[in-house]
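Quick one: structure below, then a few questions.
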C-alpha cells in the first residue's frame, strides 16, 4: 500500500494525550511494548505550560512540542512516519485530513469523524495518497477475537444466524460533572466536542466493528431506540439496536453509559447453525464454543499445544497461556501490525479507514432510526 | 379470594403429563416436594392404553383415569381442589375455561391462551367465580428472583432505567423433527398446536413476566423483529424486542430457540440509577448487585446470617446456602403458595391470571409489531 | 443381595429428623421425589410432645410414632422395608446395629460409627444377614460425579497421579453456640455426641468417599495436621491431610468448619497423565475436563445429544440440561438406587456399608496421624 | 537505602533473555512500560552469534554485548544502574554475588540461590554494600494482591487462621523433552541447572512468598510430601505441603508441574476469624471477600469510586477498571518500585533480598521434610 518502505526504528508524533487523559498514555505504552516506534514530537494539550511539561517528561526536544496540531503537521511533515490522534471526537476529522494531505500516515482514535461523509472522505484520501490509516478499535486486537473471526471463517459455526452484542458501562453513574476531577470527562456529553451521539459513537462503534470483523457480514439496516437518562440529557447514553446483516443474519445490540455498576462490559455472542461462540472482554483470554453435540469448549489464549488455535491468535500473543494479557497488549497488536505494514509487510491485520467509515455509517443510521421512532434505516443511505 | 377454605391434604387432577412429556412429571414432583396435595385423577394422554398405564403407575384408581379432559372435568367436579393443566398450548384456554366454569381452581401452564382476549376472559372468569388461577412461571419462584423484586421494592436500585433480558435456547438446533424420538417436540413448531408464535409464546413470556414481576413496572409498548431460522420455518424461533416500560424505563429482550449450544440461558439485568442487579438461572442460587461506589455484592440463597436477604427469599428456600436448589424447588414454591392460598392464607405469592393475561398481551403486541416491520405497538391495544 | 424382593410401594420408618433438624426433612423430601417409599413410622425426637406433633404433621398413625428407637425397632420389625437413621453421630452405630439384628434394611447417615471396628461390625452384620445397608454420601449421587467416575474408568484421564479435594465450610464462624437458635448445632462440637472428630467425621468423610468413588483407588496412608480454632476448642474444626493412594497416586485434602464465609465448598480435582477433571458442588451441574492438547471441555448434566455423557449420569438426571438439579435430587438418587435394589434390581449404585467403613478407617487414621505429629498412618491399621 | 540517588533515565544490563527464553523478554517489556530505564548492555546467551543478534535487535552497541557475565560485570561496573538476572537457576547466585561485589544493584530472578546459606549471603552482602536487591516475584506486583495485604493489615479479616495456596501447572504434561522445540525447558528437570528441587523452587516459592507477603506471618515449620511423576523423574514435580505459621495460623499448599491441563493456576485463600479472601491469578483483576454476615464482595482493580480499595492497589494500576491488566503490568510494578527506590524514594514496594532468602529457606525445609518422610522441619534450621 505504502510506496516508501521504512527501515529501522519508526518515529511518530501524537496529538492529544496530555495530563489526565485516558487513552493517549495508553497508546504510548502500547507502542513501547514492542519497541517499534519512538515518540519524537507532540501537541498534547492546548495549555502551553502543561504541553511543555508533558513533552519534557516524555524526553522530547522542546522544539518538537508544538502549540497547535496545525503547527505540528507543518513542522513534522517529512520527519515522522505516522501521527497518532488521541484528541476528543470533534477534532479527529480535521486533524486526520490535514495529516493525510501532508503525506503523513495516521492512526486515529474512533470515531474518526462526526458524520459518514467525512469518514468517507478520509477513506478516499488515504487510498488516493497511498497512506496508511489505522483506527485503534482495541477489541479486534485481542487474540481471542482474532480466533473468533478465524473460527467463523473456517466454517466451524456454520451459517451465521444471530449476533448479540452488549457494551455495558456505568461510567455516567459515577461522574459528577460539576466536580473538577470529573470535568475532564464532561466533553463526552457536550455535542460540540462529542458530536451528535455519545454512547453510539463512543462504544457502540466497537460493537459494530466487532460484528463485521468477526462475522465478515455487513450490517445492512438498523432500527434503534436511544435514550438519555443521566444528568444533562444532552446526548444519548443508552441504546437498544436491532440489525439486519448480510446473508439473512440478524443482530441485537445494547450499549449503555448508565449501566450502573458495570465497568467495561463488552460481550459478544455469535450463533451459527452448527455452533456458537461467546467472548467477554472482562474474561478476554478465553473464547467459548458451544454446540449441541459436544461439550462446551474453552479455547485459551496461546495454549501452544492445543489443536485449533489459529496462527493469527498465536501471533497476537506475547506470553504463554495463564499469564494473562489485557487491554494494552491488544492495542499494541494494532500498532505492531500498523508498524509492520509501514515497513512493507503485507497481510497486516489492523482496522483501517474502511472500518472507520463503516462504523460512522452505523452511528448515522442509528441516529436516523431513533429520530424516526425506530424505522429501519439502511447504512448505505448514510454517506 | 376463595370462599371455601380447604382443610387437610388437598386433592388434585392433572391433564397432560403422559409418557415422554417434559413438564407434567415435573409438576407432580414439585407438588410432592412439600406433600401438600395428592394426585387423585388425571387424563394424561389421548392414547387410552398409555393413559391407563400412567394412571396406574401413579397409583390412581382406574375410574379416575379419564379418556378426555371434558370427562375429567365432568366427573371430578367437586371431588378435586384444583386442576393442573400441562397440555400443549392450544388446549390451555378451553380446558382452563371449562374448569373454571365447573368451579374448579386451576394451575395452568403458560401461555394460558392463544390470544389476549381469551386470557382476559380467563382472568375475568376466575375473578367472578372467586376461584384461584395460577400460572407456573417457574422463574419467579426462585428465591433469588423474589429477592430481586424485594431489593427493587426497597429502593436499593433507585429509579429503574434499563432492563435487559435474554432467554437463549438452542433446542431447535438439536431436534431432528423427522426422528421419532424428537417428534414429541414437533408440536412447538406447529401453528395449530403452538398458536401464532413459538419462541415468544414459549419462552419470551417468561422474560416479560420477570420484567413486570421484578420491577413492578408495566410493559407499555414493544417494537420487535422476529425471525424463523430453523427447519420448517412455520413459526418464529428468534426474537429481538425493544420495550418501553412505565415511568420512562426501557427494556431490551433477545429470545431464541436457535441459540446453538445454549441450554436454558435466561438472564436478567436491571439497571437503576443507584445500583443494578443481575440474575442468571444457570447460576440461580446467586444474585449480583453492582453499584459505582461499592464492591460488587453476591447475595446467596438462604444465607441465614446475611443482612439484607428478604423474608420472601428465605421462605422460598428449603436447604441451607451452598446446598443448591434448582428448577423443581422453584416450581414447588409456586405450588406451595397456591396450596396455602387454597387453605385460606393471604399474601401468597404465585403468578396469577393477571400475569397470565399480561404475557399474552405481550405476545400479541410483539407479533403485531413484527408484522408491521417493527412499528411500536401498545400492549393495551391487545385485548 | 436381598433374598426377599419387595413388590409395590415400599414402607419406611425414620429415626431423627424432628423440628429444626437439617438432614431428616431433606431425606423425606428426597424419598418423595420419586414416590418409591412411604413413611409409615418414626421416632423423630426425644421430646414426646414434639415427637407426636412431627408424626401427626407427616400423617402418621399415632401408634407408629415411637418414644424411643428401641421401641420403634421392636414394633416395626417386619412392618417396614427400611429404616432411615438421621440422628446425631453417637447413636448411628447402636441404632443401625439393632435394626440389622432385627432384619431391617438400613439407610444410615455418616459417620456410620465412631470407630472403625464398629463400622466393620456393621458391614459384616449386613453381609451376614443379607440386608441392604446404605450410607447417603449425597455427593456421589450427583450425576456429574457419576460421570467423573465413568470418565476415569473409561481411561480418559489416563493413569491417576494426583487428587486434590477441599471441603471448606464457614459454619462455625456464624454460630453463636450460646444462642438458642444456634444451640441445635452445638452437638457437633460435643465429643459425647459427635465422637472423637468434628470436621473429619462430618465432612472429611465426604472427601474420602469421593476420592475412592471417583478414582477407584484405595486411600492407603495419611499424614494429617488437625486444628481447633473456633470457640470451645473441644474438637478439630480444620484439617490438612496428605494421602498416598493405591498405584502410586497421591492426594491432598483440606477440610474446614472455620473457612469463614464459605458455604459448602466441596471441590474435587483429579489429575491423570492424559487429562484432569474438576468438579465443584456449588456449580454441580457441570464437569470440567482439561488436557494439554484440547480446549477445556465442560460437560453439562443431561445434555442428551452430547457424545461422551455416561448412561449412569443420564439415569441420575430428572430434568433436561439447564434446568438445574441440586442437593435433594442427588440424595434422591441414592434412595432411588436403594429402593430399586430392595425390589431386586442388580447393579444399583449407592454407597454401602463398605463405603461407610472405609471412611471411618480414614477418620481413625487421620486422628492417629495428627496425634503423632503428622506421622504417616495406614488405614489398614485402623480396624 | 542506596547512598547515591540516581537522576534522569536509568541504564540497565541484562544477563539471560536470549532467543526462545521466556522471562527475559518479559522483563524488558515490563521495564519499557513505564520508560524508567534503558537497556544499555547485555549477555543474552552463550552462543556468541545469537548473543550478537539479540543485542543488535535490541539496539545495543556491539561493544556492550558481552560474551560472558563476568565480562559484563567487569566492563559495565559503574556504567549501569542495575543488572537484571534472567538465567537458569544455577547461575543466579554467582552472578548476583559478583554484581553486588562490583557495586551494582541487582534484580535477580527466583530462586535467588540453590541453598539458603547462599541466599543469606546475598542478603547480607546487599545490606553491607547498601545496594538494592530485588526479586521479581511477579504475583505480589498485582494490584489486587497488594489490596489483599492491605485488607489483612487493616484487620478486615480479623485474626488469620488458615491459608490455602495452590499453584497448579500442567506444563510437564505437554513437554516432550526429546523434541528440539521443547528442549529449552529441559534444564528445569536437570539438577545441575535447576538445583535440588524443581516444582518447589520454581513455583512453590511464589506461594511461600505470597503467604508471607499477604499475611505478614512467617512460615515457621513445614511437613511435605514430594513426588516425581513425569518422564525422567530426576526432580520433584508435585508437592503437598503442610505449614505452621506465626501466631498459631496454619497453611496448606499444593504445587505441581503435572497438574494436567492447568495453565498457571495460582490461587490463594486466606481465612481470618472475621472474613476470608480469595485471589486467583487467572481472574487477577478481582479480589473476593467473604464473611458470614455480609454478601460476598468482589473488589475490582482500580474502581476509582469504590470505598475500601487501598492506595497501594490503585497506584499499582495503569488502566481504569474493566480494562484488564495482566502479568506484564504486575512485573512492571516491581520494576517501577525498584527504579523509584533507585531514585531515592522511600517506601517503595518490591520483594527484596529478605523475601528471596525466606523462600530459599522454605525450599530447603520442604526438601528436608520430604526426605525424612514428612517430619516437621523448621525454616530457621535452614540457613
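Read from first to last, the chains carry the letters A, B, C and D; within each, the first residue is number 1.
The rule we apply is simple: contacts are C-beta pairs under 8 Å (C-beta built on N, C-alpha and C of every residue); 3 or more make two chains touch, one makes a residue touch a chain.
Since we're looking at a predicted model, the values are computed, not measured.
Student: Relative to subunit B, which chain's C-alpha centre is the most remote?
Tutor: D
Student: If you tally the C-beta contacts for B-C and for A-C, which one comes out higher?
Tutor: Answer by contact count: B-C.
Student: Roughly how far is subunit A from subunit C, centre to centre by C-alpha average, rounded to an integer in Å?
Tutor: Whole-Å distance between the two chain centres: 54.
Student: Averaging over Cα atoms per chain, report the distance between subunit A and subunit B in Å.
Tutor: About 42 Å separates the centre of subunit A from that of subunit B.
Student: Using Cα averages as centroids, what's the distance between subunit B and subunit C in whole Å?
Tutor: 35
Student: Multi-chain contacts in subunit B: which residues touch at least two other chains?
Tutor: Residue numbers touching two or more other chains: 174, 262, 289, 292-293, 296, 300, 303, 305.
Student: Please output the residues of subunit A touching subunit D within their complex, sorted ascending.
Tutor: Those residues of subunit A that touch subunit D are 9, 22, 26, 29, 32-35, 58-59, 169, 174, 262-265, 281-285, 300, 303-305, 318-329.
Student: Hey, which residues of subunit C end up touching subunit D in the complex?
Tutor: 157-158, 161-162, 164, 166, 168, 170, 173-174, 223, 225, 227, 229, 238, 240, 242, 244, 250, 252, 254, 256, 258-262, 269, 271-276, 289-293, 296, 373-376
Student: Inside the complex, what are the residues of subunit C that reach subunit A?
Tutor: 289, 292-300, 303, 305-308
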